[in-house]
Amino acid sequence: MMNAIGLVAFALVGSVKAIRERFDLLGIVVVGLATAFAGGATRDVLVNRVPLVLRSPGEIALGLFGVSLAIGVSAVLESPDDHPVTLVSDAIGLAAFATAGSIVAADAGLSSFGIVAVATINAAGGGACADILLDRPPFILLTDFYASCAVLGGGVFWTVTAVGGAESVAAALCAAATVGTRSAAVIYGWELPTAQRVGQALVWPRKERGQ
Amino acid sequence: MMNAIGLVAFALVGSVKAIRERFDLLGIVVVGLATAFAGGATRDVLVNRVPLVLRSPGEIALGLFGVSLAIGVSAVLESPDDHPVTLVSDAIGLAAFATAGSIVAADAGLSSFGIVAVATINAAGGGACADILLDRPPFILLTDFYASCAVLGGGVFWTVTAVGGAESVAAALCAAATVGTRSAAVIYGWELPTAQRVGQALVWPRKERGQ
Amino acid sequence: MMNAIGLVAFALVGSVKAIRERFDLLGIVVVGLATAFAGGATRDVLVNRVPLVLRSPGEIALGLFGVSLAIGVSAVLESPDDHPVTLVSDAIGLAAFATAGSIVAADAGLSSFGIVAVATINAAGGGACADILLDRPPFILLTDFYASCAVLGGGVFWTVTAVGGAESVAAALCAAATVGTRSAAVIYGWELPTAQRVGQALVWPRKERGQ
């Protein structure tokens, strides 16, 4: 269920970006589906599985629904990807994908870093892929507190299993941590600092003392 | 045979783009070979096979021939990638690669979407990869009626096998559909509409009524 | 040992680039780790293995050390990626990764081109991936004599094994050829010519004769 909401939301967000860049219809479909499925496909390739999306017809229907929604809605709304409904659905998708990535990685016997990396790639890889197709630096790496939520979710999953918790408990806590931090980030406008700001924070007191 | 023509044409087209961007010789070879082989390599990785190009020496010789041709010809011709011979060879390659992708996907037991997706990736993935290496948005996603031909070819392949046709018949019809639509697209300057034009077409009558 | 030096150097170089582009902390970590590990992960995916970095905790610690070093040092130095220590470590890493790629490719039974391709991808793929994340054309394809050293190293490895040499001898000569040519390229400012310069060199005498 969370997964289905996420697929529709991710495909919608990706398609809206492609519409804004005046891609043609195929381009819109490709960018939309890449946003929804590239993360999961990369996850499957990394653990040596044939990507689920190429085998199951159900998933792709949800992605195409998200793309259609984007084309229909973009005639009415100015920026449907900033709409509260989209933001909430996107946060749910981020949590669903981070959890799915953690479970697949743990089942494949990966290390702690492997779990966090695959959770993050599954959740944020689609958005990064879409940005590369649109020829801009992946926005999730630049300023937003977005992929960080998936990193945190993967870390929670690993911690819970490492201390002996059941996988279902780990999955629930991972999803909660991801959707919680992402919602808070949107509401309060959280951002990670750049190295320059970290440097400034460290250098500042010394400079003031000098004056 | 079609496959060989396609490899040479794709490597030529990719190399010419890299020459125009003033890449050095290694860059020209890398972009040329990526255009010819990245689609097929991605296809093989998706169905969990070691890429054919890394195992068979014959294929790579054709790719390197295309690169050499590009370097030799670009001293004489202004834009060898717009030459009719190149356009025809490129259309043949598109058809050969879409067909090869469909067959591999069907043999791997993928769903209908899986067949269309792998046919398209095999045919258009190399060009998209080259564009990313050249740091521009994949041109095949922007304005041209190019990848759409491979989508159509993959769809034809799946339809024929779904109604019980033999794989050889499906392959022949897939190749014919791809090369036919691509030739028509070049001759008549076909383009897919953008979402803006679709929106305009839908809104237009209403607006005129209002006046 | 060489591998460890290379991981730290690659992570450092990648992180410094991300710091300069004012990425946030997660972005710096992602670009740094991608520079260090994307080449090796691609190598493993191509030969159908689960990437080593997702399974072994030791490797990732070295990468994170390189990232921390970059953040710490960039407050003090202007451009730590041009520092002689970095350049030497980077050349050692290039050699270690080209050698590791050659060995993995040979063990997987790839063709001569497969060995050269996997050696080059393992050595230069991380840097190319980082440049794509930073939204610029891969610098290694543009002007520098960098990936060419890995191509040469892979060629040396294949030649030595093809004439019956032991794998350990091939590995040693591959590493020596890579680090040697890279050091010479840095010291003497080597560059590969572009197709334009090759064309000019060929056309020049004819033009002068005409005057």
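Note that the chains take the letters A, B and C in the order they are written out, and that residue 1 is the start of every chain.
The definition used in the following text is that contacts are C-beta pairs under 8 Å (C-beta built on N, C-alpha and C of every residue); 3 or more make two chains touch, one makes a residue touch a chain.
What you see is a predicted model, and the numbers here were worked out from it, not measured in a lab.
Participant: Could you name all chains that are in contact with chain A and with chain B at the same time?
Facilitator: Expected: C.
Participant: Given a C-alpha superposition of chain A onto chain C, how large is the rotation in degrees, taken in steps of 5?
Facilitator: To map chain A onto chain C, rotate by about 120 degrees.
Participant: Does the chain B and chain C pair touch with the same residues on each side or with different residues, judged by whether over half of the numbers are shared?
Facilitator: different
Participant: When the C-alpha atoms of chain B and chain C are each averaged to a single point, how far apart are the two points in Å?
Facilitator: Roughly 29 Å separates the two chain centres.
Participant: Counting only residues that touch at least 2 other chains, which ones in chain A make the list?
Facilitator: In chain A, residues 45, 48, 132, 135 touch at least two other chains, as defined above.
Participant: Spell out the part of chain A that touches chain B in their complex, as residue ranges.
Facilitator: Listed in rising order, the residues are 18-19, 21-28, 30-31, 41, 45, 48-51, 53-57, 60, 71, 74-75, 132-135.
Participant: Please name which positions on chain C make contact with chain B in the complex.
Facilitator: Per the touch definition, chain C meets chain B at residues 45-48, 105, 108-114, 117-118, 128, 132, 135-138, 141-143, 147-148, 151, 191-196, 198-199, 202-203.
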